[in-house]
Amino acid sequence: MARLTLMKLLQAVPVILIVSVLAFLLMSLLPGDPAVVIAGDQASPEAIEQVRRNLGLDRPFLEQLGIWFLHLAQGQFGSSLMLNQTVLSAMGERLPVTLSLAGLSIAVTLPIGILVGSLAAYFRQTWVDSLIMGVALLGVSIPGFWIAILSVMVFSVFLGWLPSSGYVPLGQAPALWLQSLVLPAIMLSLFQIGFLARMTRSAMLDVLSQDFIRTARSKGLSEWTTVGKHAFRNALILVITTMGILLSTALGGSVVIEQVFALPGIGRLVVQGILARDYPLVQGVMLIYGFVFVAINLAVDLLYTVADPRVRYD
Amino acid sequence: MTELALDSGQAAVSPVLAPRRRFMALRRLVAHRSFQIGLCLVLVLAVAAIFAPFITGIDPSAMKVRLRFKPPSETFLFGSDSFGRDVLTRVLYGARVSLWIGLVVAMLSGLCGALIGVLAAQFRSLDALLMRLMDALMSFPAILLALGITAALGPRMESVIIALTVAYVPAGARIVRASALVVRELDYVQAARIAGASDLRIMLRHILPNSVSPLLVHMTFVFAYSILAEAALSFLGVGVQPPTPSWGNIIAEGRDYATEAWWVMLFPGLGISLAALGLNLLGDGLRDVLDPRLKAG
Amino acid sequence: MIAAPLVSIEDLTVQFRTDRGWTTAIEGVSFDVAEGDCLGVVGESGSGKSVTALSMLRLHARGTSRFARGAVRYAGQDLLRAPERNLRKIRGRDIAMVFQDPMSSLNPVLSICDQISETLCLHQGMTRAGARQRAIELLDLVRIPDAARRVDEYPHRLSGGMRQRVMIAMAIACRPRLLIADEPTTALDVTIQAQILELLRDLRAELGMAVMLISHDLGVIAEFAKRVIVMYAGRIVEDAPVDVLFNAPRHPYTEGLMASMPALEGGTERLYAIPGRIPDPDEPIAGCRFGPRCAHIKPICQAAAPELVAIDATHRVRCTPRTRTSDMT
């Protein structure tokens, strides 16, 4: 078991390296002279030179790459041009917001998605199945940002029940914090729930058609035990592999949702950075997200080995 | 953007069906309810997009400032926007952009994914490198990756296409690789190898055709998610730029005066939803028929 | 005074839903299983043996199957019509089943202890600790070496033969009165087959339970059973004690089966095979369903479907020419 963990860790190393290089290459994608692009159209030649020197763009390519890795090793992920802060600190300030949003959304998604997907599988080809799958289908087809805007119009503008924008920190006023996040979190989870429900149904159907389910029934076990214990433990394996992807969609979706609800989170930061051509910021955020996800995928992988005895010792 | 990676995990391999069975599969496909509805939706939208210039005969950028913010009526079936432009026409032209981008991304990412997947399965030395590269790409949330690339390349339709293709290639590569790894161990492929067929020939004639069905299903879903992703990118302002209409940027414009002219925002959103719905149904139908092991119903 | 049978299957007719409507899988299946019986059910794939077995515990999928006629009587109840909760008390406790493929029939993510303990805790109200102890005893009983260690393992770590023993242990845990074994040796090597059969024989003697062994392998049946039922195209065609069946079969199909077994002594002649193939369940055949393949077919065979007739106390045959007094030789 420890050996397997070590192997997975080792496999993650080249991925981290490649992620770092990819993030670095972001700047190289800029058409023309990056310094000019960043400094802007109206910048004077001196200003452009200043930007070039600050960002080390005057050095040869390989040297830039080397400095990049050096900084990484020192824990420096770059500085934001527009905010005059390090990327890390800028992200740190906004982390609670994004974390709250994504966290709430996942907390809602998991139980509902799994339950509903399992129900659809158990009652396959009945109205329960059709209804659930119909709604799930809508969930993965309707654009999140659009339904979010519509919901703001309904719940904030017309009904006045919930705020249309803004974030209240948890420490300040828990009730208001929740209120500011209810609508965004629900909007974010619509796609996720639909997705998870579909995946769960598919997994459960596969499991329910297996021979060992028939064996369980032949032993006189109740339907509840047969499905809830025997079937579910197997379907869970597939659901675990979905976890990493759910987190990925949640963080990706939060970019748009934060924009719609004007929540000061990391997603909003990235968009602001892009619009302000603050490429070092964008680079830094992408890099950190990349690292985070390598870690998440590793964790999911390991969790998978815990859940499925078949992959354990080999 | 993500249903794909999971489809890849479950993908079964169906050997290339003999002609008669292929015919039977086609018949089942056509009779499949989801597939029928999906195909209808997609075809209607495609026709609307292709014949956009002829449907209303109005120029999408023609401004009639006197007629701004008119609700849906006889003259403006979907109403008019803040510049007095016909929303219906703009939505139709937006369909062209959004559907085209989705199609190209699906095709390109499928092609590249297939190439990478087959290469990785065939040449073990390349496998580790390619798959770590794919893992690295998949470590970024798709939207974020697309954002970064589009931002760097400059907000344009071409950037969106490149960015989304890069975002979806890894999932496709994984699917094809998984299939190819199974197929290459099948008896008739072994036989071909023993008979002395070259690697290239084996890859092209045997492995690729048989790994293709899960990829086809995947590509249909990629089409759907590309439409959603492009809409999000254009909405954020980093995708297709106005005045070129894309469903996403029409919604962004319409948002500013949502209370006054809700119709500007409504119709493009419906368009996106219907397109994604149709494609998802199509994908479901394809999957049920091509991969019976995954059969959902 | 003949004792009442343990389980009595009467006129069992099961249909499955296909694209073309309801097709009949088995029809008019009637037989009794006595206490301590050693019954073998033999037939080719598609003859309906497994369908019969699964029907006895009503294990078919509900939406796609139905019991057109018939009854399965046990302990005064008709298992086909009894409420589900009654059935659950019988399954695993009074009547248990062992399935063909032990790898797919065992849950891969639950330990062996867990899967055996389930029945013990459910039907006998044991505690987890008590059930675990009993599970180890059961593994010993089915001759799995090093049972105390093996009990915590997962199915994929065991060989095919051992998995089948685990399945048997699971099935006999509550000392059922009838054990139905559906092709228990088919997925195993020949040497392991012999061991499993011997195990089943010994368990039957030790626990005094009836065993119904289903197989397409005549050798297995000959080795194990005391009484044999032969099925063809969803119907019972012959029912006789084993030595009668093998030495003096009545039904042309059974004769064909016997003739197609390769003899150990004997020359290098070609193996005999019954000409033709098994009919599709919904293929319309007038009269006897074996008719088209029968070398001794007579006009009466096509005129009316033959009945299962007792030609003596222990021998039933479904063949009109062979059961008419005037034709019996």
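Read from first to last, the chains carry the letters A, B and C; within each, the first residue is number 1.
In this section, a residue touches a chain if its C-beta (ideal position, glycine included) is under 8 Å from a C-beta of that chain, and two chains touch if they have at least 3 such contacts.
Note that the structure is a prediction, hence the values are computed from the model and not measured.
Visitor: Quick one: do these chains touch in a line, a ring, a star, all-to-all (complete), or other?
Guide: Here the contact pattern is a line, an open path with two ends.
Visitor: Out of A-B and A-C, which chain pair has the most contact pairs?
Guide: Of A-B and A-C, it is A-B that has more C-beta pairs in contact.
Visitor: Starting from the mean Cα coordinates of chain A and chain C, work out the distance between those two points in Å.
Guide: Distance between chain centres, rounded to whole Å: 53 Å.
Visitor: Can you check how far apart chain A and chain B are, centre to centre, with Cα atoms defining each centre and the answer in Å?
Guide: 21
Visitor: I need the residues of chain C touching at least two other chains; which ones are they?
Guide: Not one residue of chain C touches more than one other chain, so the list is empty.
Visitor: Would you pick out the residues of chain A that each touch at least 2 other chains?
Guide: 125
Visitor: Can you list the residues of chain B that touch 2 or more other chains?
Guide: Residues of chain B touching two or more partner chains: there are none.
Visitor: Considering the complex alone, what residue numbers of chain A touch chain B?
Guide: On the chain A side, the touching residues are 11, 14-15, 18-19, 22, 26-27, 29-31, 124-125, 129, 137-138, 140-147, 149-150, 153, 157, 195, 198-199, 201-202, 205-206, 238, 241-242, 245-246, 248-249, 251-253, 255-256, 259, 270-271, 274-275, 279, 282-283, 286, 289-290, 293-294, 297.
Visitor: So in the complex, the part of chain A that touches chain C is made up of which residues?
Guide: Touch list, chain A to chain C: 125, 210-212, 214-222, 225, 229-230, 233-234, 237, 307-310.
Visitor: Touching residues of chain B toward chain A in the complex: what are they?
Guide: The contact residues of chain B facing chain A are 1-3, 5-6, 9-10, 132-133, 135-145, 147-149, 151-154, 224, 228, 231-232, 235-238, 251, 255, 258-259, 262, 265-266, 269, 272-273, 276-277, 280-281, 293-297.
Visitor: Can you tell me which positions in chain C touch chain A when the two form their complex?
Guide: The contact residues of chain C facing chain A are 57, 59, 63, 87-93, 96-97, 99, 101, 104-110, 118-119, 122-123, 154, 156, 167, 170.
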